[in-house]
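Structure in structure tokens, see below.
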Amino acid sequence: MVIVMKPGAPQEIIEKIEKKMISLGCEVHMVQGASYCVLGLIGDTNKINQGQIEANDYVEKVLRVQHPFKLASRLFHPENTVVQVDGVKIGDGNVTIMAGPCSVESEEQLMTTAFAVQREGAHILRGGAFKPRTSPYSFQGMGEEGLKILRKAKEATGMPIVTEVMCQDTFDIVEEYADILQIGARNMQNFPLLKRAGKSQRPILLKRGLSATIEELLMSAEYIMAEGNHNVILCERGVRTFETYTRNTFDVSAVPVIKELSHLPIVTDPSHATGKWSMVDPLAKASVAAGADGLIIEVHHQPEVALCDGAQSLKPEKFARLMRGIEKLVAIR
Amino acid sequence: MVIVMKPGAPQEIIEKIEKKMISLGCEVHMVQGASYCVLGLIGDTNKINQGQIEANDYVEKVLRVQHPFKLASRLFHPENTVVQVDGVKIGDGNVTIMAGPCSVESEEQLMTTAFAVQREGAHILRGGAFKPRTSPYSFQGMGEEGLKILRKAKEATGMPIVTEVMCQDTFDIVEEYADILQIGARNMQNFPLLKRAGKSQRPILLKRGLSATIEELLMSAEYIMAEGNHNVILCERGVRTFETYTRNTFDVSAVPVIKELSHLPIVTDPSHATGKWSMVDPLAKASVAAGADGLIIEVHHQPEVALCDGAQSLKPEKFARLMRGIEKLVAIR
Amino acid sequence: MVIVMKPGAPQEIIEKIEKKMISLGCEVHMVQGASYCVLGLIGDTNKINQGQIEANDYVEKVLRVQHPFKLASRLFHPENTVVQVDGVKIGDGNVTIMAGPCSVESEEQLMTTAFAVQREGAHILRGGAFKPRTSPYSFQGMGEEGLKILRKAKEATGMPIVTEVMCQDTFDIVEEYADILQIGARNMQNFPLLKRAGKSQRPILLKRGLSATIEELLMSAEYIMAEGNHNVILCERGVRTFETYTRNTFDVSAVPVIKELSHLPIVTDPSHATGKWSMVDPLAKASVAAGADGLIIEVHHQPEVALCDGAQSLKPEKFARLMRGIEKLVAIR
Amino acid sequence: MVIVMKPGAPQEIIEKIEKKMISLGCEVHMVQGASYCVLGLIGDTNKINQGQIEANDYVEKVLRVQHPFKLASRLFHPENTVVQVDGVKIGDGNVTIMAGPCSVESEEQLMTTAFAVQREGAHILRGGAFKPRTSPYSFQGMGEEGLKILRKAKEATGMPIVTEVMCQDTFDIVEEYADILQIGARNMQNFPLLKRAGKSQRPILLKRGLSATIEELLMSAEYIMAEGNHNVILCERGVRTFETYTRNTFDVSAVPVIKELSHLPIVTDPSHATGKWSMVDPLAKASVAAGADGLIIEVHHQPEVALCDGAQSLKPEKFARLMRGIEKLVAIR
């Protein structure tokens, strides 16, 4: 950590801060330039409250040298984490495909789609039972009934299930039915939910928030890991920008950045990133070419009657075409 | 709602969509241009699932004419909502001041600050007991003990209390102690929390999310109101942009925009918006000049030892100076 | 174009606007809903001044149905444009590689890099002679001397040259030496420069502005095309967001979006998008997988002594590895 | 400047960088932490090419301590700069009002508006003769004829003129007619134009780019000042964000931030910031309350027939009301 003092900061204030930092267990190196005095701190600076230092009238700014995450950091854990669920691996160098409808709408709908995606090579079945919706007047998901249908689909196909958990109140029940628990973009900094997820035995699929930096995503993973659950899968699903043609701006750079900073697997969700089915194929391929460990793809046998996010769902035949393209890419990776 | 068909969309598809819309209770007006065929819908289009329409291969886009919120809309409720708590009004044309420390840290700290802000004219005491923090290693708040100290401060000063509620699990207890319940920026789209807030008898102070549009903020208010709680106070606290000198970019336009679109009171939080105490005074004044119904100001008697957000806290003497400036502004509004 | 009137707009105002639109050559369809009256316009709405309509106190908003670009639009020009220069094609389904240093620094530097990139399969040599720099104190490029060195490199290698043109004053001279003229991100809406480019016989490589929407990029292409030059190559090079780990956020979606909206070729610049050499390889591959027509890659034989943007330059051996990866991707596209 | 080495960087590389920095005239302080080695540099680091250092495979990142601008910095020039033109001062503690139509459309239009704004207390007349427009098919301004009309309005009213200069080619002619030369947001980083402006005797009104940081705005001012012209007036006119209700997001914080960082006057343009006339009044007041040195306000006697930006123009009677509000605010500032 580096503390930059304002030009003209009195010597006694600088010394006061120096002493305070030493008392917190840091070694302090003072460097006096022409205009600025700079204090370089060595030691466990994670304990230091940056805001307290910045509150000083004579402090210009505080620069961090180290990333604030540890358990999620590749620096302290160089080998890739491989998450396993029912024999399916995520993060082992292959591309794991999670596919299915946005929402579970009926047994017939889910079964039709589940068999369709399995036939084309999907490894994990996705489907929402509890749905976060911008409007209180939109379909909010089938709830526990949806979870039961997901369980049936798992029994019929053998595919493990990933589904969203929205709150502490329904955590236990979702945990009972699902194999991987998804925490959605809007909940990425729902800290009580993250803590609860950290106590779960299930792997957590953590989606990046709409305006979360990659560092904040890794800090949210850190919340889960700090409670003991190290099976965290990260997911890039687009961030919010000024561009309006796509629903979000898909940040494909997040894939190599996360590979650099962390040992956790990173998958992408091109369906939510763009909100347009015609963009799913090129962005899925871009993700795989950039090194993603997996993809989450929305598939619906009749998108035009889907109760949620039909605009971004692939029909099974388009999904089949995408899978053939992905296979070719994986072969040359 | 306006449906724009792709150029060259087959007549039978257009008619199919037309019939579907009529079956949903809409009147449909077809307008055929040189390249585009456009369908104008009349009726309660809130029931229509926009994604289903956009899922059609021949639909170019869907444009909404009406805002999706109703209970929060000034269109259906032209008079200003005035929220009252313990005799303090918010939204009645005056500027209501909520002030206090970011976090409750001790009885002595809160009492000192509480008396200081009251002396300078604050109406409501703020202070966090449950704190959302980006890092799991940061101070997370005193919890129920903090609530008890807030209660004592209320008894000593007579000022009502506003404090954050972070999750369903601790909702009941926060509701028991606090007069106004704050839902923080990161929870603006925590829909189960919003629904629970909608069942509360307490007014809700709802903060705008870091990358939430004003429409989304109003949709989150709609969630609360749809459950029966119409006492919602909105709060602008800065949005996330590319600018790094301030922590967030304070969107002062949100004040007049919300006045135009909604009847709910709108207050601002210049402390969180910038993260710098030196910016609080000018932005507070800008808010009042733009028509804000109130301000939330962080005050700490010793910011340099604050456990949270010290960098943005005003010392009591700076708060006093700010209050004198606000009073002059209110006098000429 | 759709005009949405405010609820309660007087009938006479609506009729006044209707008449005005008819007088401008439009057919007007009025649709009266419960709260809103909507006017649907048919005809050449490009002539209509949207701001004039919105200036009316009773107009809520104006929605556009059609994109505002025509010459750049795939709707009116369904086949792909293929730009040709010295036998090299851009937009014909292959991936055209433009590579070289950020800036021309000396004859030795350019020649070394030129031969290196040619050996690995690059088609076009890039190199800046006039450099736009954020600071007036940074190296501003070698100017005409740099152009002469580029010319020598072309003579030695046979590769055509792409280089930036920064202003009208130096347009003629850059045009004399270069084969493709690049207009940089900061000049994307330098309209006099675009008009001048439209009068050139040289193909123009137009980079997307830091915060330009895709529609605005296409409107800038329209400026060039409207003056008669239809050889425009578009370039995605990252947009500005809140994320700070990468210099910009690379919007890979721009590739398929532009393929959908326009017939012009689209290439990407992963070097400038991220500002980090370690990100160039994955983002270049992502671009190709998403359908890009070409890549611009910064290569420097000694990045640590580069006068400009060394942090994002590949060494020749890393460029060679990237080229092998790209070739495999092209083979399966 | 602080260089952070990657964990595990070899000692010889660290020493090589150290020597290089010493050879560039810096004093280097090495601080070795548990994971990171950090080099603190003292001396004139503006000469150091940050990219060259970052190009090193073992460098994690480079942190800057000092702002990169000097002439524009308050640190080296503590007193406020006051710009004077024809007896009108900008930056002397008062609020200078620049008002007039977006574009000059005819002598009658300009004269009507000029007398109207003067009557209400405006100090400077604004009006565009050369107009940057997103579409090549929009009205591009009257050019020199417009300048002549502006000159007539000046002769009739005595008010100095501010008008936009778009390029080098027309610089001389605009300079001949105008008193203050405006450089628009899209040209904020048109460096040849900035250099030309730096050679002018006229004050320059420099608008912040749509996605420019405040630091970049000050660096653009530095370009002008480095050429000898120190009469630069900065202008906040909204930045681009995800919010769509307003055209841009007006960053009122820019006012106090610039007051802190620079000695140059800062004015705001609430008309362009929002694109909506109903927002101009509250945002103008917010600007003044936050400490702005002036305002640029679009006024048109018939906005519904304005050839440009009618939606954001105030009618004279609304401008009069705004002026009365501003006067009250100025009185208590």
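Just so it is clear, A, B, C and D label the chains in written order, and each chain counts residues from 1 on its own.
Following the convention adopted for this analysis, contacts are C-beta pairs under 8 Å (C-beta built on N, C-alpha and C of every residue); 3 or more make two chains touch, one makes a residue touch a chain.
Just so we're on the same page, UniProt names per chain: A, B, C, D = 3-deoxy-7-phosphoheptulonate synthase.
These numbers were taken from a predicted model, which means no experiment stands behind them.
Common partners of chain B and chain D, by the touch rule above, are A, C. Ranked by distance of CA centroids from chain B, the top chain is C.
With each centre defined as the average position of its C-alpha atoms, the distance from chain A to chain C rounds to 31 Å. Taking each chain's centre as the mean of its C-alpha atoms, chain A lies 38 Å from chain D.
Chain geometry summary: the mean Cα position of chain A and that of chain B are 25 Å apart.
The residues of chain C that reach two or more other chains are 211, 240-242, 244, listed in rising order. By the touch criterion stated above, chain D contacts chain A in their complex at residues 2, 4, 7, 29, 31-36, 38, 40, 42-43, 63, 65-66, 75, 240-242, 244.
Considering their complex, residues 46-47, 49-56, 68, 132-140, 166-170, 186-187, 189-193, 195, 210-211, 216, 219, 222-223, 226, 240, 276-277, 303-313 of chain D touch chain C.
Interface residues of chain C facing chain A in the complex, by the touch rule stated above, are 211, 213-215, 239, 241-246, 249-253, 255-257, 260, 273-274, 278-279, 282-283, 285-291, 328-329, 331-332.
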